[in-house]
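So, here come the structures, one by one.
Shared between the two complexes below is chain A, which has chain B as its partner in the first and chain C in the second.
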Partner chain A sequence: MRRRLPEAVLGVLWILPALVLIAGLILYPVAYAIWLSLFDKHSFFPAERWVGLGNYARIAGDAEFWDSLWKGVVYAGASTVLQLVLGLAAALVLHQAFRGRTAIRALVLFPYMIPTIVAVIVWRWLLNETYGVVDDVLVRLRLVREPVVWLGVDHMMTSLIAVSVWQFTPFVVVSVLARLQTIPLELGEAARVDGASAWARFRHITLPQLRGVLFVVVLLRSIWMFTKFDTVWLWGEGAGAGREIRTLPIYAYMRTFTYYQAGFGAALAVIMFLMLMAATLVYFRLFWGEEDAA
Partner chain B sequence: MIGRRTLAVALFALVLAVVVLAEAADKKVIRLWQTETEPQTLAVLNQIAAEYEKTHPDVSVKIEGLAWGDLEKKLTAALAAGAPPDAAHGQPITCVSFAAKGLLRPVDDLADSIPKDNLVDAFRNLCQWDGKTYGVGHSPASSVFVYRKDLLAQKSLKVPRTWDELVQVAETLKEVRDGQVVRWGLTMTGQPLFVNIAVGELLKTNGGRLFDAEGRPTLTEKPVLELLDFYKKLGRVLPPGWTGHSYLDTFANLANDKAAMLYQAYGRGVGYIEKYAAKDIADPDHFAVADKVVGPSGRTPAAQLDCEPWMVFKDARGGPEAVDFLKFFFRDEHYVPYLHSVPIHLLSIKKSTSRNPRYADNAMIRKWRPWVDMQEKYFRNDWIKPVLVTDWEDMKKPYLLEVMGSGILVDMVLDAVKGVPSAEAAARAQKRVEELLASSGYLKK
Partner chain C sequence: MRGLAWRAFVYAAAFGLAAQAVLPLLWMLSTSLKPPREVFATPPTFVPAAPTLENFARLVTDTAFLTYFRNSVVVAGLTVVLTMAVGALGAYSLTRFAFPGREAVARLVLCTYMFAPIMIVIPIYILARRLSLVNTHTALVLSYSSFCLPFALWLLRAFFGSIPVSLEEAAHVDGAGRGRAVLHIVLPLALPGLIATSIFTFTLAWNDYIFTRILIASDDLKTLPVGVQDLFAAAVVDWGLVMAAGMLITIPALAFFMAVQRHLVAGWGTGGLKG
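Entry: the complex of A and B
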């Protein structure tokens, strides 16, 4: 009679492929980045010199780092809040019944579906102060006297935030809309019968029902915006004014691939990772604390 | 059930696929990255590759076009990944930097295939390290200063010769209608690569330098401070969004009558003029070239040498084949069509090609002769230097690539443009370059 493997061993065997994948694709790169951050390592030479926490000490005194961190916080904070407010509003509107709703729902998704490079090229063209449509319209409507230099040093960050909000708000819309559709209609109807105003129904019925989804959306969007590389890079690429949007991921890239300081770049990436971990933990604690209190 | 006929067709297709794949596997593939991305140039290069493959059936040549501004970043990423191409264009300072790091294969064999006295004098030592040649330029060009001759004549203005005159003339040429600026006096790009180029170029016209003989940055010296003051003045005459304008935006500004002068033009700009400017003015009598303006502490004009050397990577499996292909490329029957694909920009690195009647027999070269003459004047007078090089001795400094890539000089200019006092912007940049060079082991603290 063949002996059967103990259930526990069998269980481990079943999940082994997934564990190997996670270890190979997630844990190893993170561990390697941490290891690399402890060395003075050129980006394409094998030679490396142990510096311990030296890279971290240098980062603490690096004005460029603090500047990039601040720019990253401004970008992630402003764009996440705007996405949330606009996305929530749009989802509430699209939850109502009106003619053409399906077409508009499809249209709202459009910015999220087009490739980033296309979005950036089109918006850079639209916002060009010499031949762009946006400034032309603003001037013709006499909303501004002179064309606004959206891609210059003064408005580079504002225009980047605007484009990012345009591009990523559909994610919030879809997430919130999906949840809205699962809220029992009776709840709203009962409140209406009891004389609750639209604002009261939103405040006391809809919003509490959306807490879970908003929690996930805020978490994901703020992480993704803080680590956003492609849109920021492409928006600033090819412009001296790109310095105005040199966020932490861009700075880490520059240190690695233009200063050739892979160790320093890895240390920046590790710091970014730790900051996000800390922020996520605080966020979780706050949310679950409120949940428990409720 | 599958019919016999279907089965036979499937089997035949399978055998065919195996044969084709086996044949492809036998071929040695050489990959070349280069910076000429205009469709007609890529077509010529692919044609040359096809011709080469006919006589070398065991070799397959893959040529990829990369944008100028991206080249260094992509090469670095490829090197970091351990997968560089076999050969690539690079800035001369990139070539020196890579050669010093031991990443390149010497290409003396390629250089020797062109007799020394046949090379245009200024380009003989474009990429030398430890007495060996590591790069051979594909085609030289000089940046040029372009102005609208007709507009200057209308306002009885003389062609500016100094930095101050440039600002004055640009101010006078600014055209305002109904409170709106309809034509700016001057256009310049804010693209980081070109700001680096302009810093080196303007500093040279101002008798300045970026590094001393010991390799220490000299950004707090008077010529640099004057340069930053000049940028502040330029802010009055350039379109307010110039820091976000790309190199091609400035061509568009000039060709579409949005600007009267372009400080950093190149020969390929005539393509834009021919295509977008009004037909009756799309000629060198309206879009004229002049010497680059000179700074208050300088004496002679200076321009940037645009001549990427072909580099061959040391670990490239197809190194010898790449060199062989490049020898084939430099043969006039292939080289002339390549040069003609952007005729005013891709000039010849070989004297014999310039004398070749087939080369001279080109309508664009005949029409835009003043632009070619101006570039050749710069070559003859040795007024051209590669990006960030103010003296040929700088080509012995293997860290100019890092300085360019760090964007520190661009930040310095941007600081000044944003109102930071020139001395403060320069001191900040000086400190950052010193830190960069010290941390990379090039400079003792």
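Entry: the complex of A and C
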């Protein structure tokens, strides 16, 4: 019989490959980004010059940074709130008993499962001001007199938020739906027998049960919307009005890959991360309750 | 409250939900089947008057679409293989082996959710340049795998944890080693979890834009999202062609999704997430 290694050694050996990958390609890059943010470094050439907190000082006085921060907050805030409200309502509908429920639950997830590039090209086509079906319908219903230039300067942010809400609300729907299915039916039934209205039952029975899942969903969605790159980048690029939706991740990317200022770009990414950490801590302080652990 | 009006409302709302999700995609299908003249017809038609596969034919013959497609399949496939091998080993270790710091490791892994791709991709690009890995599929596969590992570990850990230890112990009594017990008992029982994790991983690699955009420069190595974006960035957008490309990228993603959507909600509760 072969000699068996002690369990602890085996345990470490088996987890090791995963840890090496995570350490090498997530933790090390993050640490390197922090290090890089202290240098003035070209994105391609090896030369680098220590500037200490110089990049951060520059960012503090950089009007473009403050502008992109504001746009990022507007984008993340508006799209998260809309996803939450619409997703919660949709989940409550899909929780009801009706024929074809399983199929519709699957269909509703489609926008979340398709690649971002597809969501973007489809909506760019639907919202095209000359040949798009959305403007065609709006004009024919006489809701607008002239076709709306959705990808123009005035409506760029609005249309980006709309597309993002379309794409990412299914995440809220599924998360809430999964939790709804675990609420004991007896709770609602007992309240119904006692004569509680539908609204009262939602307000005092369903909503408190959803507290925990909503806590997590709001946290994840706002973090992901604040750091969203591909939807925003693809929506703006080439439309001529990309400036209108230059959020913080886009600005960090442009500094690194358009202006080749890798140190400056890394400093922007680090600041974005620090702001997220701070916001998360405040969020936990404000809303976390022991019951959310469930 | 449970009256006819309520039922009518539920059906109308459910129908509305399905329509908003599916109609844009049906519009893409419709456009992809239209000849150029009809694509730009005003008012637009929903059902193509003269459906044709011309756009798809042009996509295959006039563009590098098939190359992008093959690259995507290779990269997503290898990512799944690497993530599942490394993830299953690690998740089993986190479930069954007792070693100091195990819970700390699990929590550390969870914390990496906090890091956005944009923060990681800038240093990864510079590191990849240093290691001469820029413009290789290796760089993509490694990046995607480490990005998928945190959720793969958590998801698989939940599935492994639900398998009674007694089954494995029975195998040990019968003289099977640890490896064989895992191979013949744990993995088959955790199959739904393995499938769900594979799909999440595949979808992430298949859909990703930013890593390819930054790490891949030459046209013959690009994956679909970047390749199709370049198609789209042409001076005059050939909408029929672009919609045909959109259809062909969407179909594999949705096919995989439909195949596992039964397991999806289970995965959702245990951390099978993406951005």
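The rule is simple: the second predicted complex is superposed on the first by the 265 of 294 C-alpha atoms of A that agree within 3 Å, B and C clash if a C-alpha of one lies under 4 Å from a C-alpha of the other, contacts with A are read in each partner's own complex, and residues count from 1 in each chain.
Everything that follows uses one rule, which is that contacts are C-beta pairs under 8 Å (C-beta built on N, C-alpha and C of every residue); 3 or more make two chains touch, one makes a residue touch a chain.
Remember, it's a predicted structure, so these values are computed and weren't measured experimentally.
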Check: Regarding the shared-chain residue A:R145, is it in contact with chain B (first), chain C (second), both, or neither?
Finding: first
Next item on the list: Count the residues of chain A touched by chain B and by chain C, then name the partner with the higher count.
Entry: C
Next item on the list: Return first, second, both or neither, reflecting whether A:G52 touches chain B, chain C, both chains, or no partner chain.
Entry: neither
Note to self: Which partner chains sit in contact with A:R243 here, chain B, chain C, both or neither? Use first/second/both/neither.
What the structure shows: first
Item checked: Which of chain B and chain C A:S43 touches, first, second, both or neither -> both
Check: Looking at the overlay, what does A:E129 touch: chain B (first), chain C (second), both, or neither?
Finding: first
Next item on the list: Look at A:A90 in the shared chain and tell me whether it touches chain B only, chain C only, both, or neither; answer first, second, both or neither.
Entry: second
Next item on the list: Classify the contacts of A:V153 with the two partner chains as first (chain B alone), second (chain C alone), both, or neither.
Entry: first
Note to self: After the superposition on A, what does A:F257 contact: first (chain B), second (chain C), both or neither?
What the structure shows: both
Note to self: Shared contact residues on chain A, chain B side and chain C side combined as an intersection?
What the structure shows: 43-44, 128, 130-131, 237-238, 256-257, 262
Margin query: Under the stated contact criterion, what part of chain A meets chain C in this complex?
Written below: 2, 4, 7-15, 17-19, 21-22, 24-30, 32-33, 36, 43-44, 90, 93-94, 96, 98, 100-101, 104, 106-111, 113-118, 121-123, 125-126, 128, 130-133, 136, 140, 166, 170-171, 174-175, 177-178, 181, 197-198, 220, 223-224, 227-230, 233-234, 237-238, 249, 252-253, 256-257, 262, 265-266, 269-270, 272-273, 276-277, 280
Next item on the list: Give every residue of chain B touching chain A within the complex, in rising order.
Entry: 69, 72-73, 76-77, 79-80, 82, 101, 103, 179-180, 190-192, 195, 239-246, 249, 252-253, 256, 258, 402, 405-407, 410-411, 413-414, 417-418, 432, 436, 439-440
Margin query: Going by the contact rule set out above, which residues of chain C touch chain A in the complex?
Written below: 1, 7, 10-11, 13-15, 17-18, 20-22, 24-25, 27-28, 31, 39-44, 85-87, 89-90, 92-94, 96-100, 102, 105, 109, 112-120, 122-127, 129, 142-143, 145-147, 149-150, 153, 177-178, 203, 206-210, 214, 224-225, 228-229, 232-233, 239, 242-243, 246, 249-250, 253-254, 257-258, 261, 264-265, 268-269, 273, 275
Check: Along chain A, where are the residues that touch chain B in the complex?
Finding: 40, 43-45, 58, 64, 128-131, 139, 145-146, 149-153, 156, 237-243, 254, 256-262, 264
